[in-house]
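You will see subunit A twice below: alongside subunit B first, and alongside subunit C after that.
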Partner chain A sequence: MNKLNNTQGLNIPENYLVTPAYVFFLIHSMQVGVGILGFEKYLVEKAGFDAWISVLIAGGILHIILWMMYRLLQNGGGDIVQIHNSIFGKYIGGLLSLLFCAYYTLLAFTVIITFIEVIKVWVFPGLQVWVFAFVLIWLVYYLVSGGFRVITGICLISVIIGLPILLLKFFPVEAGHTMNIYPMISHDLTDILGATKQSILSFIGLEFLLIYYPFIKQPEKSKKWAHFGIFYTTMLYLISVLVTFVYYSEEQLKQVVWGTISAWKIVEFPFIERFEFVGIAMWLYVILPNICLGLWGATRIPKRVFKIKQKYVVITFCIALYFPAVLLDGRPVIDMVNNLSGQLGTYVLMYIPVLLVLKMISDKVRKRS
Partner chain B sequence: MWKWKRKEKQQQPQQQEKKKQNGTLSEFIQAMQESEDFVHYNLSGSTRCTISYLKTMCDSQVLNRSVLSTLNQKSLPTLRDMQESIPVENVRVTSKLDLIEEKVMYGYIMIQLHEKDEEVVLVPAISLESRNVSIPEVEFSVVGPKEAFVETMNTNINLIRKRLPLPQLTIKEMNVGKVTKTRVAVIYIDGIVNQDNVDTVQQRLKGIEVDQLTDSSFITQIIADNSNSPFPQLLDTERPDRVVSNLVEGKVAILIDGSPHALTCPTTVVEFFGASDDYFLPWHLATAFRLIRLFAVIFSVLSTPLYVAVLTYHHEMIPAALMATIVSSRSDIPFPPILEVIVLELTIELLREAGARLPTKIGQTIGIVGGIVIGTAAVDAGLTSNVLLIIVALSALASFTTPIYQIGNTIRLIRFPFLIGAQLWGLIGVSMCMVYFIGHLIKLQSIGRPFFEPLYPLRIKDLKDAFIRLPFNKQTERPVLMRTEDPQRMNQSRVNAKRDIDE
Partner chain C sequence: MKIKKTFLILLSVLLLTGCLPSKSVEENAIVQIVGYDVGEDERIQGTVSIPQYGKSEDKQAASELYLTVDADSTKDVEVEIQKQSSKPISIGKLAVTLYSKELAETDLGDIVDVLSRDPRLSRNMFLGIVEGSSRELIESGFTQDETTSKHLQGLIENNTRHNFPSTSLHDFLYAYYAEGMDPFLPMLKKRESFVELSGVAFFKKGMLVAEVPDTKIFTFKMLKENFTRGMQDLPFEGGTIMMDNIGSKVDYNISGPMDNPTFDIKISLKAEVNEMAGVDRNASPQLAKEMEDKFVEYFNKETAELISLFKEKGIDPLGIGNFTKTRRKDFDLTKWQGHYADLEVNVIVDVQITEYGIFS
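Our next item is the complex of A and B:
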């Protein structure tokens, strides 16, 4: 029995597990990525300055989906691959799991190219992408090869280092106009719901729980931490949105691609100006968990489905990610990839309730027979 | 085919062992007589016997006063009689050849009745030449104990034992090194230490395959979990008080004969920045100094890379008022910032290296000549800017604030990758380097325990004595890191018992 579990890769030795509280960092750091640098613009396009309500609604929906995921995982006895296999059988289930793998890879890829784009736009217009992407992906490989514990550590560090960046929000508030937010609720429900869908895009990332769930020690205790994580993200987004609304006017915001970075520009200390350079450099810490966890999750699925060594899969994926990351260029393409991964993200989130229903039905049928 | 090879390999050591067993005492004596300092002669006083010893290893007082006088006064016909009459502790009769060989090499006196006899009496007469216990020079502290370890293991163990008069203080000894057969002792307090840690250490020490072991740093490098890391994964200290406090916390200490440094493990990266002074000062002062030290380390690693990054790529970041200062100091410099920095950093490294190799008195002169004369001359000649000179000198100074010398070397060197990162991609390059090192630290382990500990895995309890040091009454538990068998240091309720007014 033990041996069987080992070949499936589900029986994880205790020293590779993480304590429940880390789920907070895992969920939160995966949600916050490049999106937060410029997501306000997309919300404003839909619902104007009422978009902050959409953020709250989106956060609420995410809590419900998280609850469903825990229901699914607690009864499923393992991760998404196990659940897929038990519902759909080996082949269709395996195929669906591989779709998840593709989606995770896409997420990691989106973050890589968006970050490179930000650097090209804001810091080095003449960046030699092939060198930079190589070093970045090598760094990611180094971290991912350390295993899940190292990635969790990076998530933790990222949240800690992300905290001071948050304080910078104070500067735009100082320079802004609080009256911008009024009049409240001037848009109708459809607009607000439209913006909700947009803001869900910046919340995606919690579906990685489906793959790292077996790595949590006493997983039932991690529930509250996961909810804390989502709550924290919601609050962070709410603050970001409000600060941006206070700082920009509605028309102006529609023209700005990277709202947060533009707002950093006004940060001034006696010894330092133009804080966006520091901000972007620190942003590396915030996006690295995205890439690492994305790649780790993506490469763990083939390991679980085909029972091959994850090391080789990671190397293959790194090489596979490198070339498109170097070749893809230009705002339209990157926008397209972002939209695509966002769309897929919403589908994945919508797929979870379906999966839960299917799982409950299959459990019932099995019980009866 | 390979099987056959393996068989051959297995046979070789067996043959060697056989050879050893086949050797006789007379062969050993013959081999020893090749050396001039081996004394072997027949005694023809009242007792007739043969005495052999290494005169360079033996204490002649024991030989003359106790052994020879006894043998000449009485007639002792058997070895047992000799064992009883010689007034030296722990005299033994044996015929085990390997024991005899070992003991004679350490300075025991061997007595045979006849030259061809296999059975001998061994009289311990080891003369230990050792330095006196002196004040710590590497980890000096103004207050607190002023004893440091010396090169003799027995003295070092004495220094520890006298501070820990406990029967539970356990010392396990073994010999490491094929040729040198160095004595290595593993020390721990039974009942506090986690047996897993002791087992890991002992296992790793037993697994060591080297010919020579001349210092504790050999052990640090060999048994480290990742021997390719620039970070030392065992803490080495020359202060017995530090070792004792580590032992009480539940750590394992390793002493090596011939090395004036003890190793303690498991350790964390934060511990390298804690000095023993931190415990001799009130806790708020100690905390402030510890934070200053930590800031110094960060400054030392990051200041010059940031200089390169900002001046090469992000001039916009410098406020206008500060810009004037930097521009005026850099206006005559013909080099880009990176060259300027590398030249100065290498100069400082050169000074340090030279200072460390030269005798103290000349070293000081070199420091003054190098630091002041070369520095001013370089600025006057327009090779480097004043601002950079200040930064480099400060960062060199800051790197000396670490109490443990080994980590100082690491800090000295890891700024160069940061410099390369800064030159490549400015601030982003610096932060990429930082991520790499943080990832590396997270990956590292010390004797199987996480090296980056109170930070990751985040353990709030251990943060009480990491970046800050809380007062002793708040530290009633031993660090979680060691997973000690007895996590309670003292009775918490009694420590924190509140007294009413006028009681």
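Our next item is the complex of A and C:
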């Protein structure tokens, strides 16, 4: 666990770096989490069956934001903390960085409580949350204390384990009504943009690049992998959306809380009648990098701001996450936390262009003086 | 360090397993079929059949235990049955749910809600309407070697591969919630020693409003979906011909303005004639042509009857409104429902008889 100490400043030793291609897995696995299990409902509420367009628009917007992030980081000389410090100075910059830390923590927290809720509703209604949360957070602590490369490995594993679940999309399509996706656009632009905002809520996760950028070896080469990761996520979400549109009727989908899990219910094999149990169990691997990277990102910021050992921060954060995760319960509260983190996520994404402009201005001013 | 890690893994293994008490099959009452009837004092009468997997030597007969209770709601039925059972009730393998016609005519809305909410239930479960009492149907035990639920499940499943349109809990819910679409369910009827699929029950939201007998099922399925099996007989020149469907395709199309649209349903059917009882002529292209015309005439009459029934009752089991909604920007449900009775629906049937069997 002493690996964490050596990453002082931004001269990160080469043995802690990851190759550019892994950025694909880092970006993609962070974007896909609990959101994909039930985001269709929110899209349909806004734009009906035209919401697939919104998913494409959202994907396009994310490509632009990613491009901005690379612009920001390439001549920012490090991560978000460095950029904040250089623009706003040590104190305001540090404060802003800590806001990012809070946001990252909230993301990790949202994933934990939402997944626990899914388990409680679908599999074990009488789940002893304190035991499960304890084991889960212990596992996360174990992985996070392994350092960034371990987390990257988890991301890779999660993408690979998630792949076979994609094949299951075949079953709902087979039982579905393909006429539902006839491209007749019956909603106006405001509805579609409203649904675009909703899809961005489930797309968030790429902003972690701001903190793990210094860990990428030859970062300029990782650009295409990052874009490829976002493209893959967009396609995945598009497929999920189209499949649920084919499988459910519009008013029915508005009432289904977890569209994707409910669609798994139709999958029946001779040896397993309830596939959703297997699906939910496998989904733990898909959400694990979400929590790990979330916690790692969150704890790295205090380390960089206050120059303290990350290990202590991780322990504190684990304990701080554990108690609310056990205590918070019930659909309304969890829905609220999800909406809150989604809202903050959109603000963070909107903050990036602002930051880029500020950075360009401050660079110019500095050159002149 | 190493010891710490090993300890962590071991502890996780210990904590993650054995959290739940394990239950074996024999110790559970696995409900596979439930039937609901109208009970006394506005209550619901629920009947379940629980297969008994005992230690008895007699492995041939599938023994079942029937329990009947009166309850206030469908969920309450589960509670009441629990009171009568010596083993914990588990409903995860529920395969068939039956409602008596009497109950369905009042309203199935609340029941639908329960079915769509419970995560334990399979979406491939069959629902059915029973002419008469569902309790009697469940308790009659039709075959010696399989349980009632297996039998009924097989019966409905087999029929959906032939004359009956595909049906399941999911299909029912899809149509129930959709705009411009109404659900339908199979009707079951108990005869002296067997049970048969006697027709289709049509719903307006959760209420049973119309039914058609089994002779019209083929026509309904033809209007509803593409399929490759099923048979239809027809009187022809003093005898009967039996048509074996080998591929039926249906295509919807809407034209004209939304105030006064025209709906076209195009059906093209390929068939073989395998039985010509009492027809005293040799198979020839000429005869095939005559038979085709006769079938087209028959289907035109039947489809017109069905569609006028749907219009009269204000139901849309074909999902014409749902289809229009995906094709037209200015679809408005209340307007559509207002126009529905006057909607012009043209059914164009094309029958092609390709073979006459192996004997001329």
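As a convention for this text, the second predicted complex is superposed on the first by the 360 of 369 C-alpha atoms of A that agree within 3 Å, B and C clash if a C-alpha of one lies under 4 Å from a C-alpha of the other, contacts with A are read in each partner's own complex, and residues count from 1 in each chain.
Here, a residue touches a chain if its C-beta (ideal position, glycine included) is under 8 Å from a C-beta of that chain, and two chains touch if they have at least 3 such contacts.
In this text, all values refer to a predicted model and were calculated from it rather than measured experimentally.
In the superposed arrangement, does A:274 touch subunit B (first), subunit C (second), both or neither?
Once the two structures are laid over each other on A, A:274 reaches both partners.
Touch check for A:121: first (subunit B), second (subunit C), both, or neither?
In the superposition, A:121 touches subunit C alone.
One more residue to check, A:19. First (subunit B), second (subunit C), both or neither?
First partner only, subunit B.
Applying the touch criterion given at the start, work out whether A:328 contacts subunit B, subunit C, both or neither, answering first, second, both or neither.
It touches nothing on subunit B or subunit C.
In the overlay, answer first, second, both or neither for which of subunit B and subunit C A:250 touches.
second
In the overlay, answer first, second, both or neither for which of subunit B and subunit C A:266 touches.
In the superposed model, A:266 contacts subunit C only, not subunit B.
If we overlay the two complexes on their shared chain A, which of subunit B and subunit C does A:337 touch? Say first, second, both or neither.
neither
Once the shared chain is lined up, is A:315 touching subunit B (first), subunit C (second), both, or neither of them?
Neither partner.
So, does A:182 touch the first partner subunit B, the second partner subunit C, both, or neither?
The second partner, subunit C, only.
Once the complexes are superposed, what residues of subunit A are shared between the subunit B interface and the subunit C interface?
Correct list for subunit A: 124, 127, 131, 135, 139, 142, 268, 273-274.
In their complex, what parts of subunit B are in touch with subunit A?
Residues 313-314, 316-319, 322, 424-428, 430-432, 435-436, 438-439, 442-443, 452, 455-458.
Can you check the complex and tell me which residues of subunit A touch subunit C?
49, 121-122, 124, 127-128, 131, 134-135, 138-139, 142, 175, 177, 179-180, 182, 184-186, 248-252, 255, 262, 265-266, 268, 273-274, 276
Per the contact definition, I'd like the list of subunit A residues that touch subunit B in the complex.
Residue list for subunit A touching subunit B: 18-19, 21, 119, 123-124, 127, 131-132, 135-136, 139, 142-143, 146, 149-150, 152-154, 156-157, 268, 270-275, 277-278, 280-282, 284-285, 288.
Using the touch rule from the top, collect the residues of subunit C that touch subunit A in their complex.
Touching subunit A from subunit C are residues 8, 12, 15-16, 19-20, 92-93, 116, 119, 122-124, 170, 173-179, 181, 322-323, 325-331.
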